[in-house]
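Going by the order they are written in, the chains are A, B, C and D; count residues from 1 in each one.
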Amino acid sequence: MSELQDTARRLLDEGLVQVVIGWEEGPRGARPVFVTSAADCERLIFDARCVHNLATFLNPRRSQITALGKAAVVVKGCDAKAVAGLLREAQLERAGIVLIGVRCGGVAGEPATLAPPALSAETVSARCWGCDVREPESVDMLVGEAQPEPPVTADLDERVAALDALSPAERFAFWTKELSRCTQCYACRQACPLCCCERCIVEKTEPQWIETSPHPRGNFAWHLTRAQHLAGRCVGCGECERACPVGIPLGLINRKLQQVVYELYGYTVSEDPAVPAPIGAYATDDTQDFIE
Amino acid sequence: MSERALLLTHDGLATLVEELAAAGTPAVAPAWAGDAGRAAGASAAARETEYRTVSGAAELAFGERLPRLSLKQFFLPPTEVLFSWRRVGGGVELIPPPTDFAAQVVLGARPCDAAALPIVDKVMNWDYADELWNARRAATTVFSLACGVEDDSCFCSAVFLEPAAARGSDGRLTPVDGGYLVETFSDKGEAFVAAHRESFTDLPAGAGGEVLAVQAESFRATARERVAGNLAVDHGRLRDWLDHHFDDPFWAGLGPRCNGCGVCASVCPTCHCFDIVDEPESVGRGVRRRNWDTCQTCVFTLHASGHNPRQDQNARFRQRVEHKFLVYPLKFGDVLCTGCGRCSRACPTGQDLAEILADIDARAAIDAGAGAVGDEGAADEAAS
Amino acid sequence: MSVVNQPQRSGERAPDDSGRATAEFEPRITAFVCNWCTYTGADLAGTSRLHMASNVRIIRLPCTGRIDHVFIVKAFERGADGVIVSGCHPADCHYTAGNYHARRRFGVFRELLSFLGVDPERLTFSWVSASEGGKWADVVNETIERVRRLGPFDSYHGLAGAATPADDPFARFEMPAGATGGTAAAPADGHDAASQAPSGTGDAS
Amino acid sequence: MSRIGVFICHCGENIARTVDCGAVAEALREHPGVVVAEDYKYMCSDPGQQLIKKAIADNDLTGVVVCACSPHMHEKTFRRAAAQAGLNPFVVEMANIREHCSWIHDDRGEATAKAIDTARTIVEKVKHNKPLQTIRIPVTKRALVIGGGIAGIQAALDIADGGHEVVLVEKEASIGGHMSQLSETFPTLDCSQCILTPRMVEAYQHPRIKLYTWSEVEKVDGYIGNFSVTIRRKARSVDEDLCNGCGDCQAACPSRRIDSEFDAGLSRRPAIYTPFPQAVPNMPVLDREHCTLFKGRRKGLAKDACGKCKETCLKGAIDYDGQDTFVTEEIGAIVVATGFQLYDIGREQPAGLKGYGEYGYGEVPDVIDGLQFERLASASGPTGGEMLRPSDGAEPKTVVFVKCVGSRDPEKGMSYCSKICCMYTAKHTMLYKHKVHDGRAVVFYMDIRAAGKGYDEFSRRAIEEDGAEYIRGRVSRIFRDGDKVKVWGYDTLSHRQVVVDADMVVLATAVRPQPGIGELAQKLSVSYDQDGFLNEAHPKLRPVETNTAGVYLAGACQAPRDIPESVAMAGATAAKVLGLFSADELERDPSVALVDERTCIGCFNCEHVCPYGAIEHRDVCDMEGHVCGHVAYVNPGVCQGCGTCVAVCPSKSVELAGFTDDQVYAEINALAGW
C-alpha cells in the first residue's frame, strides 16, 4: 500500500489537495477515512474490504467535507463511474478534484472483517458480477498491482431472471414481503453516490407524492421512485443494498433497470462524463412496442 | 420474585410457542430472517435474525445473531396511526386508535433490548403520557434470554447493564443443558408462568438442580467477563466533557464519515424520535400517523424559513452523542443507550460508538487530570 | 368547525370505498393525456358521438412530457385499477419532443413496475392524435375490458392496511392482509416466496 | 380557505339529455370548499355568463369551475367572463362533461356519476390554481417569407406595403416560381408573365423587401415575435453587386447541353445561366454541378479546365472560389410559401407508390406533363409559342390529355385531388386548338371539377366552342407506335375500348409538396400530413395559421392551390402578420415553468430536455457574494409550457404554472372517492 500512501502524502505535502478520501482500518474492518495531514497517510489502505463508494463523499452538499478543502479521492472502477455521473450532472468540476485510481480485482460482500478475505465465489460482492473495470481510466494517477478478473459470483442476472420468470402476482407478493420491512430510513439514498439532491422528492411536502410512512404503500412509492430516478444512472456499486438495515435486495431492482436501459436503448453506464444518460436523451426511432 | 427457579426444556419451549399460537396470543421472539431474495450468494444474510411473531419452534433463533432491529418496533412501530379523520357535513370526525391491545409475550428478548423499555418509558411519560406506548407496554410480558455477547461492539457493561441484565424483563431465561433456567422478576412474569405452568418443569431437586443453577451462573459470568473488556467509561467526566466541548474540533472529525442516514437510529433500541404526518386518503378523508425519525437527517431540524440550526453532519452526530450521554441522563437519570452495539454494526461507513465513547472518555480523563479509563465509582454514581 | 370525537373501532373502509369487490366489478381507470392530441382526439370522439364505457377519468396535461411516473403510482394508491397514458404520435408533439422523452421514461418505468409485480396489462400507453377519435374509443374500451379481466387492484390499494386506526401495529412487520404470503419463514427463493402467496393476491395471473 | 363556484351547463339538451345536471349541482354543493353550485340551460349564453359573474360577486369566489363542453371550446369565454367580474381568469377551469361524458355515454346514471367525479376533480384542481398574469414579450416587426412564388411575392408585398420590413428567401436563382413558367392562366387566358412580372419587379425594388435568391433557410431559433433565422446563401459564383446582367458569360459558356429547369427539360441552357429572360434579379448563377471547371476541380485536376465566363466578364463579377455564406436575421413572424412540385412519374416513385410506368413518361419523348405543355404553348418557350412536339418538332394533329395521373388514386399515386388539373387541362385544349385549328384534342377524365368563379363556363367553352373531345374513363397504356403515340383507354359512359393514335400525350400529373418540406417543417416545428403538405392550425377557423405561434402558411405548401387561392391565402397571412405587428408587445399564456432556486441542484436535466432552449444557467452566490454553484432558470418568454422539465427534475424543483404538481396531485386525490 506504500504506493497509495506515498501518492497521498505527496498530494498533501505539495498542497495540491487538503484532504485525501480513502479507506482505513477501523474497529470493525475497512472504512472510509479523511486524511488531512501527510503524517496520517500511513492509515490509508486498499484491499478487498474497501467496498464503500467514496464518490458518495463528493456530494457538494456535504459541507462538513467540502469544508476540509480540495479533495483527492481514491477510486476503484465503480467509484470512478459514480464520479463520472456527478461530473455528467454538473455536480463537480473535474479540475476541482484529484482522482487516485486503484486497480481492483473485485471486493468482498462486506467490509466488516478484520482481515481481507481471499476472494471466492462465496466471498466476492454481487456488485462485481460483470464489472469490466480493472483499471479506472478517468483518473489522474493509478496505483496498485495489476488485478485478475473477480471470481465469478452468484450471478445477479440469474436472480433477476428467476423473478422475471414469475407471474406478476408472484413478483408482487415477493416484493411486498421484502418492502414491508422497509422503515424508510433512506440509508439506501444516503449511501448512493448519485442521490445527491438538496431536497429529495420524498421530502417535498406540497404535494407529498411519496408517503413517508413506512407502510408497504409508502415503501412501494419510495422504492419505485428511487429506482426510476436512478435508471440509467446507477453504477451498480451495491452500496444501497449494503446500507439497508433490513436487508432489502435493492441490487435486484438496480440490476433489472441496468438490463432494461441496455436492452431498450443500448446504454451501459460509462466512465466518460461526455456520454449522455439515457433518460433525458431520446432517439426518434426508440422502441415503442409497448405503445398502442 | 420466584423463590424457586423453573426449567423450560426445549420441548417445553416448543409446546409453549405452539400453545400461544393456538391461543392467538402473539409470541414475539428472535426468528430467522432468511429473506428469499438474498438466499443466493448471501449466506451471511441468511443467518440474520429478526424479532417476529412466531408460530412454531422451527422459526426460533435463540442464542443466534442479534436481531437486525431491536424490540422497539413492537412498542413504537415504524409507522402507527394516531387517528383518522373524515369530513362529516360541516365538521370533522376524528377516529382515535384503539388502545386495548391484546396481550402478547416476548420470548428471548436480548437483555439490552428489554432494558431499553424502562429507559424510554421515562420520556414517554414525562410531560405527556403516551397512551399508545403505555398500552403496548402494559399488554406485553417480556422474557429475556441471558446473552452470550454478540461481538466486540457490545458494551452493555459500560452503560450500567450486563449481558443478563434483568432490567425491563418480567422474567429471564438462561441457557442450561436441555433448555433454559427460568426466573421471574414481576407479577406479570409470575402470572405468565402460572398461566402456562405445564410448559415449565420444576428444577430437579438437590444436586441436579444445583448443577443447572451453577451452569446458568457460569454462563452469565463468562458473558459478563467477555463484555467488560470491550469498553469502560466514566460517565461523570464524560458528561462533564460533553457539557463543556460543544464547539470542540473533535466533532469535525466525526461528521465527514457519516452518511446522515440514521440507520443507527433505526436499529437503536432507545432512539424514539418520531415525525408526525397527515396522509390524505381522498378528499375530506385522511390519516394522521407517526413515523420513526432521526436526528441524523438534514431535514430533522430544517426550519420553514430555510434556516437549519444543525448546519452539517458534524453538528448532527454531536447531537446523537450528546442526547444519549448528556441530555437524557441529566433529564431522566438514565443513559439513552443499552450498549447493544447495533449502531456500530449497521453503520454503512463504519462509524463506531464504542470507539467514539472511548475517545471522548480519554479526552475527558486528560481534562479531569485523571489517567486511567473507567474508574469503578462512575457506575455507582450514575446508578444512584 | 365542529369536531365529532366518537371513539369507534372500525376496520371497514370509508363508505364510498365499500362494496366494490362484491358488486359486478367496474374497473376504475385514470387517464393522463396530453392537451393537444389525445385530449382533442377524445373531444372528437365526443363530437362524433362515439359511445364508450364510462370507467375512464381523464386528467389533462399539456404534454406527455409533463407526465411523471409518480402520477401513475399515486393513481394506483388512490384506487385506480388501471392507468392510461396517451399523447401525440412521434413527430407530432406540439412541443416537438415531449412525447419522445415520455416514451423513454415510460419504456423504463413500465418494466420497473412489472418487475415489482404490477401487471403491465393494467397500463396502457398509446398515441392518439387529434384526428383519432375512433382510436381513443378503442383504447378506452380495450383497456377497460383488459383490466376487468384482471380484476380489482386491491392488492395495491390495500398496501397501507385499512385506512383506519384499526390496523394492528403488532402485525406491522407481517405481510399486509390480502397482499402477500403471510409470515411463514421465508423460503429459499422467489419461486417459493411466490408460491406462498395466497391465490387472488397481487394480480390475477 | 377556497370558495369555489361550480356552474353546470345543460348545453340545451346536449348535456342534460344524459347527465342529470341538477344532481351534479346537488352533489357538488356538498363538496368541501364549494360555496355555490348552479345549473343552467346555456352557461355560455349572455344570461349564463351573467349568472356566473353575479355568483362571483355575491359569494366572493376564489375559483370557478364550469362543467360544460371542452375547454378547447369555451375556456376563453368563461375566463373572460370571470375577468369582467374581477376574478383572475386563471382560477377558472372547465370540467368537460359534454364531449367526454354526455355525448359518449348512454346510461344516465353512469354519465351523471362521471360528471360528478369530473367536476370534483376540477374543483380540487382549482383549489390550487394560482392567479396568473399574462406574459408580455416584445415583437420584432420584421417578417420572413420563405418561397418567392406568387404566394410568397404577394405576402411579401402586402406586409411591406403594410409598413414592415420583409425578408424574402427563394431557393432558386430567380423569384417567380411556377407561375412564371405558365403560358396563359385560367379562366381568363391572360398571359401569366404579363401579370406576374410586374409583381416580381415590384417586390425586387420594394424599399422594405430584402430579397435573398439562391438561398435557403438553414436554422430557426426563438419563438413568435422573436425568431432568429439563419439563411444559407448558396455560392452563386457571380458577384451580385458587380454583375450588370449583360449575359456575355452565358454566351461564352462552352457547356450548353444542360436541360433547362425553366423549360421543364424541353430546351438546353449553359452552365452559367439566367433561368429566364425576365428573371428577377436578372443575374446569372453558375451551376457548379455541370460546369466544366468545377467538374475538373472535383476530379482534382491541377489547373482549371475552363474559365471562359470569367475571361469574358468585363465587370470581373465571376468568382469561382466563393463559398456558401450565412446571414442571421431577427424576425417576428414567418410565412411559409414553398409551393409545390409536379408528381414526377418518370423517375423513382415516392415511398409506397406504384407509379405509372405504363404511361411511358420519360421513355416516349412525346409523352409530356402539364408544365412541359405550358412551355410549348408559351411565347417565351423553346418553340417560341409554336405548337411543335418534342420528338421531331412536327405539329401534333392529335393530342391526348390524361387527367388525374397520380391524383385520386390511392393504389398507385396520391389519394387526394390535385384540384388544378381539370382547369388547366381545359385551358390546354383551348391553347392547343387556338394554335392548331384542325387539330384534335382528346381528354380522358374521371370527373370535371370546375367549382370556382367562371370555372365551369370555362371548361364548357373548351368542349362546346373549341371542340375538345372529353372521354370519361381511364387510360390503361401509352406506348410508341411508329411516329405515333398509341393510347389505350376505356370509355366508361359508352362502355367501349378506346384506342387513339396520338401525336402527343399530355399527362396532368399530381401536385405534390416541394421536396425537403419535411426538414423545413421540423426546423419550424410545424406538423405536416401523410402527403407532406403542412398542417394548418384549424381547417376552418385557422386555415393560414400553424400550431407554432408566429408561423403562417400561404399557397400550395398547405394543399394543392390555384393562383387566385394562393394569392388570397398570401393576403390572409399578411393580415395575420400585420395584426401581430400592430402591437409592440405580444401577450402570451402565463402557463410557463418556474424553478425553485432553493432546491435546484443545477443538474440541468431540464436543459437537456427543453425543446426551446428556455433553460438558462444562473449563478448562486454565498453570503460573501462568491459564486458557489449554479441553478437553472426558465426564460418565460421562450418557455412554451410543455412541462417536460418538470417530469425530469428529480427533486421536483420546477413547477409548471397551470399544471403544478399540487394541482395534478389534487386531481388524482379527488378520484379516490369514486
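The rule is simple: a residue touches a chain if its C-beta (ideal position, glycine included) is under 8 Å from a C-beta of that chain, and two chains touch if they have at least 3 such contacts.
Note that the structure is a prediction, hence the values are computed from the model and not measured.
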Count the touching C-beta pairs: is A-C or A-B ahead?
-> A-C
By CA centroids, point me to the most central chain in this structure.
-> C
Taking mean CA positions as centres, which chain lies farthest from chain B?
-> D
What is the distance in Å between the mean C-alpha positions of chain A and chain B?
-> 31
Provide the C-alpha centroid distance between chain A and chain D, rounded to the nearest whole angstrom.
-> 51
Starting from the mean Cα coordinates of chain B and chain C, work out the distance between those two points in Å.
-> 40
Pull out every residue in chain C that's touching 2 or more other chains.
-> 16, 68, 74, 78, 91, 97, 101, 105, 160, 173-174, 186, 189-190, 193
Of all residues in chain A, the ones touching two or more other chains = 159, 174, 177, 181, 199, 201, 209, 211, 213, 215, 218, 279-281
What are the residues of chain D that contact at least two other chains?
-> 598, 609, 648, 661, 665, 669, 672-673
Which residues of chain B touch chain D in their complex?
-> 87, 280-285, 306
Can you list the residues on chain D that touch chain C in the complex?
-> 70-73, 96, 98-101, 103-107, 110-111, 113-114, 117-118, 121, 522, 525, 527, 547, 591, 609, 611-612, 640-644, 646-648, 656, 658-659, 661, 664-665, 667-669, 671-674
Any idea which chain D residues touch chain A in the complex?
-> 598-605, 608-609, 629-630, 648, 650-653, 661-662, 665-666
Which of the residues in chain A end up touching chain C in this complex?
-> 159, 162-177, 180-181, 201, 209-211, 213, 215-218, 220-221, 223-225, 227-228, 231-232, 253, 256-257, 260-261, 264-265, 278-284, 286-288, 290-292
What part of chain C is in contact with chain A in the complex they form?
-> 68-70, 73-74, 77, 90-91, 97, 100-101, 103-120, 124-127, 139, 142, 155-156, 159-161, 173-176, 179-181, 186, 189-191, 193-197, 201-205
